[in-house]
Amino acid sequence: MKKLINSAESVVTDALRGLAAAHPRLRVDVENRIVFRAAGPRPGKVGLVSGGGSGHEPLHAGFVGYGMLDAACPGEIFTSPVPDQVVEASTAVDGGAGVLHVVKNYTGDVLNFRMAAELAAEEGVQVESVLVDDDVAVRDSLHTAGRRGTGATLFVEKIAGALAETGAPLAEVARVAREVGERSRSFGVALSACTVPAAGRPSFDLSEAEAELGVGIHGEPGRARAAMRGARELVAVAVDAICEDMPVSGDLLVMVNGMGATPLIELYVAFAEAAGQLEARGARVARSLVGNYVTSLDMQGFSVTVCRLSDELARLWDAPVETPALRWGR
Amino acid sequence: MGTPMDAEFFTAWIGEAARAVRAEKDRLTRLDTAIGDGDHGVNLDRGLTAAAAALAERRPAAPGAVLALAGSTLIRKVGGASGPLYGTALREAGRALGEGAEVSPAELARALEAAVDGVRGLGAAAEGDKTMVDALAPAAGALARAVREGRDLAAALEAAASAAESGAEATVPMEARKGRASYLGPRSVGHEDPGAASGALLLRALHTVAVR
Amino acid sequence: MKKLINSAESVVTDALRGLAAAHPRLRVDVENRIVFRAAGPRPGKVGLVSGGGSGHEPLHAGFVGYGMLDAACPGEIFTSPVPDQVVEASTAVDGGAGVLHVVKNYTGDVLNFRMAAELAAEEGVQVESVLVDDDVAVRDSLHTAGRRGTGATLFVEKIAGALAETGAPLAEVARVAREVGERSRSFGVALSACTVPAAGRPSFDLSEAEAELGVGIHGEPGRARAAMRGARELVAVAVDAICEDMPVSGDLLVMVNGMGATPLIELYVAFAEAAGQLEARGARVARSLVGNYVTSLDMQGFSVTVCRLSDELARLWDAPVETPALRWGR
Amino acid sequence: MGTPMDAEFFTAWIGEAARAVRAEKDRLTRLDTAIGDGDHGVNLDRGLTAAAAALAERRPAAPGAVLALAGSTLIRKVGGASGPLYGTALREAGRALGEGAEVSPAELARALEAAVDGVRGLGAAAEGDKTMVDALAPAAGALARAVREGRDLAAALEAAASAAESGAEATVPMEARKGRASYLGPRSVGHEDPGAASGALLLRALHTVAVR
């Protein structure tokens, strides 16, 4: 394991210092591990708070800024934040219109955000939570932890953030956030495992001849291991899994996301395949994103996320956003 | 005769649990790497170390307060699934103990049941779902039974720790239905659940301080 | 070697198809391998053309758009483009005010762009060329190929592109481009080698215990191999080498660039160190960029690029830009 | 007696060069991986294959036109340092040959000198800088000498090819001063220059077609 870090213990804190130094539009509380917009809360605007384990950068801290999140709470590597962070972030960004928690569906995130929501409510903050669970690699059922939240989180944060910026009320912002989640599906493939700095070894062993299908973003092994093959076939596995769960039609927002160690040239190769395969099914790739957005440390691989756009969602996606990792319109 | 179960006893328990988890940190992380995300050892180590430090600093006078402080420290320091779950377990146990300065074996058994109920209430896992519940629930059952049968504290806690250890071992062939391991479906079979393994360590630590 | 590609032969073409599908504001001539702004040339505006081997994405094609390049010519992986590409791009983007070629200083790039400039001139296009050679890892001398062009290329393209957008004449745009180059220095460090798809094996062997100091962006081994160490020490090697060559003071533009397989969280750790060390030398980090911008396929590692800003350069840096990989102000 | 050096001869040379480079592609790439960027074999393979195809399609009638077309195809298809350099070499050689239908050994020697001058003019490398010049320049010298001494074509081209091969080998201990290998400074010592190696292949191919 080779990492550009000072120590496994300090990596989250050191990266937050870097974030603070690089982005004057952010205010970073390094000690309490909260990343805010420097401008502070706007009275009457719903506050958006998200968070989760570190190691998925730019998610979430890279999405704090105008048109997206008001605060992000990074936990330890792959470990959800603790309630204190979320409570403090929520009370700080509440402009009187309440706060939306965007929570990826993992037991740890769900439990910590639930506790935080209760505590924040006790402090007088009106909180709504939206659970993102877009990963079709996981079979959903009443008796399991349910699907994981992955790439759609970015879509939810962007689109709900744009609506919040218009002054829409909390219930509306939460409704749109849930709608984005319901209309989005993801599937990930790993060509190599990631290495958690504190663990010091890859989260699973994958030979040169194998790929891990349906992998999670925490180095969780996927649902199946298969022979390594070309980009076209690997993308087809992802696109097929998504379309089997959610037939696609109309205008789509499509992200081909890198897991952290996949070069951009390869992501564009994958995007060409994804776009071609989705259009062959009669849908239109109306908006897109190609790059490293919801990563898994140094994992090699990619995920495809598809959102069936409505006119409203497309308009909100196009609205200005100004964050370290996503920016247009200003 | 035997150890009085006072604030000092429970403080010693948290200290012993922290020591045991640190000693087994790599194993826990390895188990969590196999079917989860590889942080369970580090998570619990961080949390229990902080809990032990908080107890050393604040020195709560009653067993209930010791467990409440340990529990809320876990919640405040761990994150992940195990932070809220173990934190709630300790807080519920602490609440069950009330404000008394010393705890009877029967009270301890009821507190452990309250802890398990807390975990169940929060995480919605049943026995057989391949979680910490599979270590904690049998331990609570064994402790209650041993106390009912009038066995002494050391023997009762030995029964509880053994039950937790067997329970943890019994998770190996299970298919996970809760937590991160559930994503693996059938591929989760053949691995011990890290939370069940740490649950067994906590129960064994309780026995250790009781027989010291 | 595991790559998300269809074949080593088709990777550049496949990626260009993906680029075309993802960015409607680009016009991609896949067959001739030229990436244009979809809007075409603006009469009276100096055209900016760059290019180089592929494998450095988003450089250069990801920097085509308003405020930056008018066209990019990607070559094969790590192989400079051929003159035909550059000639065709130059004639196409000439709005009557001439064309600036931004050329990284490698023998192949220099020779092919030189031939292209001659051919384009024969076709009536006024061409100026600016050579970027910012890499202090290479000792410069009259008798060698000179320094390599790396991270400063982005600065040159952004700043000259912003000036061109104002309608400045070719000589002015070329002057500013050269000034940026003269005020910029880079140094790179590799934690692992990259693998050229057609070669199928890492470009050099590096043990777990070693780092390659002063590495190039084509998998060229660095100038020295040293024991692997922490982020602070590795960044210090880069910052020291830069400052030894160009004493820093005043306002700086600082980029911590990932080589392609380094996760963003690590780049932020490195940026915290770079910013701290540069400020400790009395300079001010006035502008910054953290991310994968001038990559080397799947190499793990980073580079630091420092530009001593003038008021003019800072203003041009801040001017709006709208490209796939760099965007602000619109 | 001997092969007439006409358009067919030079077309055959490019074909043989393409074959030889393809056979040695991996070695060239390996050499370039050691001190460059690992694309020299692929580059030349792509270029010479395209040149052979262009010749097959356009069938230029004169040796000079053959070399001119081969050279501009290299320039149009290779990129990198070697594309313009080899392309210029061939174009300069073609220009030196003029429009005649057949080439004498003395003309060939002058053409090779023109090729080397072309490379020198473009790349500014001197002998000893560890580049293709270290193979091409000795070859040009040996060919001119052999022709001056009145040796037959086969012997003269054997001398040229041998000189190129020794020249390539002699790059091993050199420290590179031009091209990508120069970035390595002293670390470039101990490796054969890939361009010198491919230069030797091209000269050996010339000999091969001459003795066919």
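Annotations
Here the chain labels run A, B, C and D in written order, and each chain numbers its own residues starting at 1.
Everything below uses one rule, namely that a residue touches a chain if its C-beta (ideal position, glycine included) is under 8 Å from a C-beta of that chain, and two chains touch if they have at least 3 such contacts.
These are the chains along with the protein names UniProt gives them: A, C = Dihydroxyacetone kinase subunit DhaK; B, D = Dihydroxyacetone kinase subunit DhaL.
Here the structure is a predicted model, which means the values were calculated and not measured.
With each centre defined as the average position of its C-alpha atoms, the distance from chain A to chain B rounds to 32 Å. Put simply, the C-alpha centre of chain B and that of chain D have 76 angstrom between them.
With each centre defined as the average position of its C-alpha atoms, the distance from chain A to chain C rounds to 29 Å.
With centres set at the average Cα position, the gap from chain A to chain D is 55 Å. Taken chain by chain, the contacts run in an open path, each chain touching the next and the two ends left apart.
Each chain pair that touches appears in this list: A-B, A-C, C-D.
Residues 53, 75-84, 106-108, 111-112, 114-115, 137-139, 143-145, 148, 196, 198-199, 201, 203-204, 216, 218-221, 223 of chain C touch chain D in their complex.
The touching residues of chain C, when paired with chain A in their complex, are 1-7, 11-12, 14-22, 54-55, 57-58, 62, 191-192, 208, 211, 228, 230-232, 234, 256, 260-273, 275-276, 285, 288-290, 292, 295, 297-298, 300-302, 322, 327-330.
Across the complex, chain C is touched by residues 29, 33, 35-39, 42-43, 46, 75-85, 122-123, 177-180, 182-185, 187 of chain D.
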